[in-house]
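In structure tokens below, several structures.
Below, chain A partners chain B and then partners chain C, in two separate complexes.
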Partner chain A sequence: MLIVPNQEEIAHHTDKTTPFKWSFEELRKIPEFGALVAFLALFIFFALSAPQFFSLRNITSLLTIIAELGIMTVGESFLIIGGEIDLSVSGVYAMAGFVFVTLANILTFPFGSLLAFIIALLVSLLIGFINSQVVLKGSIPSFIATLGMMMFLRGILLGITGGRSISYAGDRLVPTLLTGIMAYRFRPSHFWFIAIVIIFSFILNRTIFGNRVFATGGKKLAAYTMGVNVNRVKANCFMISSTLAGLSGTIAISRFNLANVSFGQGMELEAIAAAVIGGTLMSGGYGSIIGAALGAGIMGMVRTGLVMAGVPSYWYNAFVGIILVIAAIVNLKLRSTILGE
Partner chain B sequence: MNQKQPLVRMENIQKRFGKVRALKGVDFEVYDQEVVGLLGDNGAGKSTLIKILSGVYQPDGGTIYFQGEKVKINSPEEARQLGIETVHQDLSLVEKMSVARNFFLGKELTKEVGFIEILDLTKMNYECMRGLKQVGVELRSPTEFVSTLSGGQRQAIAIGRAVYFRARILILDEPLRNLSIREQRTTLNHIQEARNKGSSVIFITHNVYHVCPIADRIVLLENGEKLGEVKAGELTPEEIAECIATGKMIKEERKNG
Partner chain C sequence: MRKYFLIFLAILLVVSFATLASFAQEAKEKYVVYVVVHGGIGDPPWELNHRGAQAAAALFPDLELNYVGPTAYNVPEFISYLEAAINAKPDALVCTLTAPEAMDNILKPVIAQGLPVIAINAPDPRPSEDCIPVLSYVGLPDFYEVGVNCAKTFLEYVKPTRVLYCNHAPGATHLKETGRGFLETMANNEIPGEEFVTSEDPVEDAKMTVDYLKAHPDTNVILHPNSTHLEAIIKQLEDEGYKPGKDVFLGHPFDPTIPMLELMEQEKVLFCSDQQMYLQGFYGVMFAYMKAKYGFEPPLPPVTTGPIIITKKDVPALKELIAKGLR
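And then the complex of A and B:
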């Protein structure tokens, strides 16, 4: 049976040739479908169990947490889709924060914080580049290379600071632009996060680079034999992951006005969990940036929602653990037909 | 046919992997619109030879001439730019991507929106279906994932893609392996179609019965060396199989006797 789509029909459906039908079979093909359902279900659950959960004040403070984890998750998801993993994101997060605070405190000329911010992002980019070269030139798994980088970065910070915190004393330009409080307690970071989700979702789904990220993560050798420079694709993904982690770190430090060595410890696993909850497959080649954002949203909701529902915050990890495993199983089941796994 | 200039000529190609000499100075040429069978037992060096031609490996010695000009093929990307399209065994399609995204992988179609170059998915979907129809491949939708398709359909997509991009040389590595009898026949038809549309075809296999019905010429490799070559109809498949099994050509003997 051959159905050749006509031009007109295609024109209405960018990546589809048949009209979209509201069936489960169609819905499950959307990578972020599972995450969206879970997100809404949890939202309704917490809104019902804790009356103050659905208040503007809580929503905005929730967004603050989600934005910081979410920006890191977007980068991590991009890299996982490209077939690698980055455990050093939390180390980069802390390192970028420290570079930012230290330089902003030294650079006292007008807008010194902006220069400090740019350098902090460049340092993050450089760490991502080093990660990629260690993985690609050294032919070792990214799990090991970036685990080493994480320990190395934390070790350096501890060595230099001796464990002491550093307060932010620079100008207010960058902190205001990143996370200054606006009307109704919204913060710019909420909007930066949304912008980043839109931009990187677009890059992944609508550009040549994005197409090659999917291909490289899905089947590296096939991509290579079709003429894709897979090493360059992977290096770019490592740099995206690291730079977004650095941005996330500078946002968090700007909010706390304080840099500490233990800052963001364990956050790499939260970002990976959020990516998986968002529908990204650890095997690479499949995933969604919008899903990553929803995954980070679920993590943030669970964190604050549990407290509001009267559950001690110590239980947070237990809940996230269960959600993570359920999400991984459900996502795989949803994908089973289209991935043939 | 041999008086004409070959489309591609590989001279004295050598390749070693550590201590193993996979190719010990092989000469190989392909003429315009010719189907060449590259036949040999496992480990004869067939795949190594074509991976050099398709840019996956770089030779340790030897020269490649493309349309009479000496070329160096440093990557699959450069091979594709010369018009050398390869259908590697199980390696040409990404299962977790749609047919259309696979079809244009490495040669994506784009359009400009403002200053940004973005994928033209509409055109990719349309052109993919049109290109596949040309080689007689029928698919429900270009947005289907490759993982949902049969082995024969996947082979057809890979061949259809090569034809679409007007491959000068289409290299097929064991194209009939793991296919049903019916799919084998369809794939052979696709190969004929590719040749009729102007491609030369290199057909790699270790099964003489796969290649005999379609090849104009069969080149036999043995232990990293060229054992000899046979024109279509000169020897029966059984005799060719005997050459591979014994490692000796029997063409001369028959002529004399």
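And then the complex of A and C:
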């Protein structure tokens, strides 16, 4: 397995020889621990302050919101760990949804929505590829390149739709597979989200590619000298981020049954915030997919919890801001030893 | 240092959670009514709507009002608030039907289960068999007609050569319809014009609009659906040498705020089209409460609250009402 100078930061991912001790000091070395503590603390608080918060109906509603943000966050985390950032995810989210709805409405043959769905994901993948080439070949900071892409995509959507919503009129196959209501109001998107978290967590922590993502984001030059094709790794991360944003968009649009240019506005910042709350370092080279999922859980839970607790809505943003900062601080402090601080 | 930081963090946590907990009131022995609007709740018209809802709630000691909505127009966030409000198991719900296709799966089942729902401000424009079966709707019956009324008012008072409809929230259906009614009426009178998509940011919007005027100097009429944005545009126009009310005529298709009335007094804004947001909040909550507590059926939809064209002559009376927090 590749060894790079940043490896000590992620030793816990690969070290199977040291027996694990269930002490607090050991627990807080788990990258997801801080996010888990913050998640549970918030969950318990809202469950105590709002009687209906801990109801099955609300849990499934929360899962729906968390799944859509969480899928985007998983991709964003992958890219941030790889040392880049993607601000175009919300634009991809809206564009993929628009492509899906438009094509599904046109492709009226049986299972046309499946083809529309695949094309929407391919368009998202292509946008990720273009982002990567602009950043890597053009040597443009990913912040600027993807900001430009986000504005470009939203501009295109606005130009095409003129601001009008487009209702979904295709077959029900893909909407049912993505967001159809199941028993107890669970939705398939909840399980897709869990599956994606497991798969991408495995890829990040248990495969050579994942190790190269850590290496590329941590010490790019060292990784390069060790033979890692850092540009290829980053390009793959861009495509993962964009494709998952597209998937998130098609899920949301399937749920709403309509596409609109305003959908997903500001979601890029929520996804980045969720990744950071979940323990991902903005500087790259460190992070966790499960932590990112918990971060998305915190983001999704806060507003719902505030509504149900009866907090005056003018105060929401103030509370959301303070809760997110506290969650991030708790997370950082709990795992500070692992970075030797 | 570390110790002080931890103490600070602990205090911050305690204060935040204590404040939050103080808001979490006991709902027992109270009729809980949630009002969920598409917002932004920081905008003056929505503040007025909130005040109307609060006034209705203040009439009934056993009515607990929760008024929620996003700070800026955002359909997914609005929907998540709506779901949270329903999950809180209220006794009645008041909401805007901003994106009815997206709300079908949420509202239709709970209405079928008996939750009284009153719609305000944004109706369900679909054929009646597809509509969400709310008990009543309070607000403007048709946003297209608002635009038509605005066009007619301009035609009555000034001589438009070319018109502009600014849209700062292009995803909002009701704004789109207002613009369509305005531009089509102008076109029927052989006056050219177009919709111009601007920005959610009033400062950016003002700059874009004035730039547009420079590029299209024959434009002498602007209709803008947001009062805060319109104020910024007037300031920008004056900074760049235009004379609002003299060489550019401005109108506002929605609700009059104090600054709008003052601008009408100064003859910089020609008119506002009032939809009585206060009444929408007031009636919405009152109908919901009366249904939840006593089973009273509300009036059949639409309970029309506008549009009412307001010009300079109406300002003194309106100012008095605004000072009382009623308009």
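Observations, loosely collected:
The rule we apply is simple: the second predicted complex is superposed on the first by the 306 of 341 C-alpha atoms of A that agree within 3 Å, B and C clash if a C-alpha of one lies under 4 Å from a C-alpha of the other, contacts with A are read in each partner's own complex, and residues count from 1 in each chain.
As a convention for this text, a contact is a pair of C-beta atoms (placed from the backbone, for glycine too) under 8 Å apart; a residue touches a chain by one contact, two chains touch by 3 or more.
In this text the structure is predicted, and so the values were computed from the model without any measurement.
In the overlay built on the shared chain, the residue A:Val228 is in contact with chain B alone; chain C does not reach it.
Once the two complexes are laid over each other on the shared chain, residue contacts for A:Pro51 go to chain C alone; chain B is not touched.
Of the two partner chains, chain C is the only one touched by A:Ser167; chain B is not. By the document's definition of touching, of the two partners only chain B reaches A:Arg206; chain C does not. In the superposition on chain A, contact of A:Leu136 is made with neither chain B nor chain C.
Ranked by how many residues of chain A each touches, chain B and chain C are led by C. By the touch criterion defined above, A:Gly266 lies against chain C but remains apart from chain B after alignment on the C-alpha atoms of chain A. Within the superposed three-chain model, A:Phe214 lies in touch with chain B and out of touch with chain C [touch as defined at top].
Contact with chain B, but none with chain C, is seen for A:Gly285 once the two complexes are overlaid on the shared chain. On chain A, the surface touched by chain B in one complex and the surface touched by chain C in the other have no residue in common.
Chain contact summary for the complex, chain B toward chain A: residues 54, 56, 75-77, 79-80, 86, 88, 91-98, 101-102, 104-108, 110, 117-119, 121-122, 125-126, 129-130, 133, 138-143, 145, 147-148. Partner chain A is touched in their complex by these residues of chain C: 9, 12-13, 16-17, 20-21, 23-25, 27, 41-42, 64, 66-69, 71, 73-77, 79-81, 83-85, 87-89, 99, 101-102, 104-105, 167, 169-173, 176, 195, 197.
Chain contact summary for the complex, chain A toward chain C: residues 45, 49-53, 55, 57-58, 61, 64-65, 158, 162-165, 167-168, 181, 252, 255-258, 260-266, 303-304, 306-317, 319, 322-323, 326, 329.
Only residues 1-5, 7, 10-11, 14-18, 206-208, 210-212, 214-215, 218-219, 221-229, 281, 285-286, 337-341 of chain A touch chain B when the two sit together in their complex.
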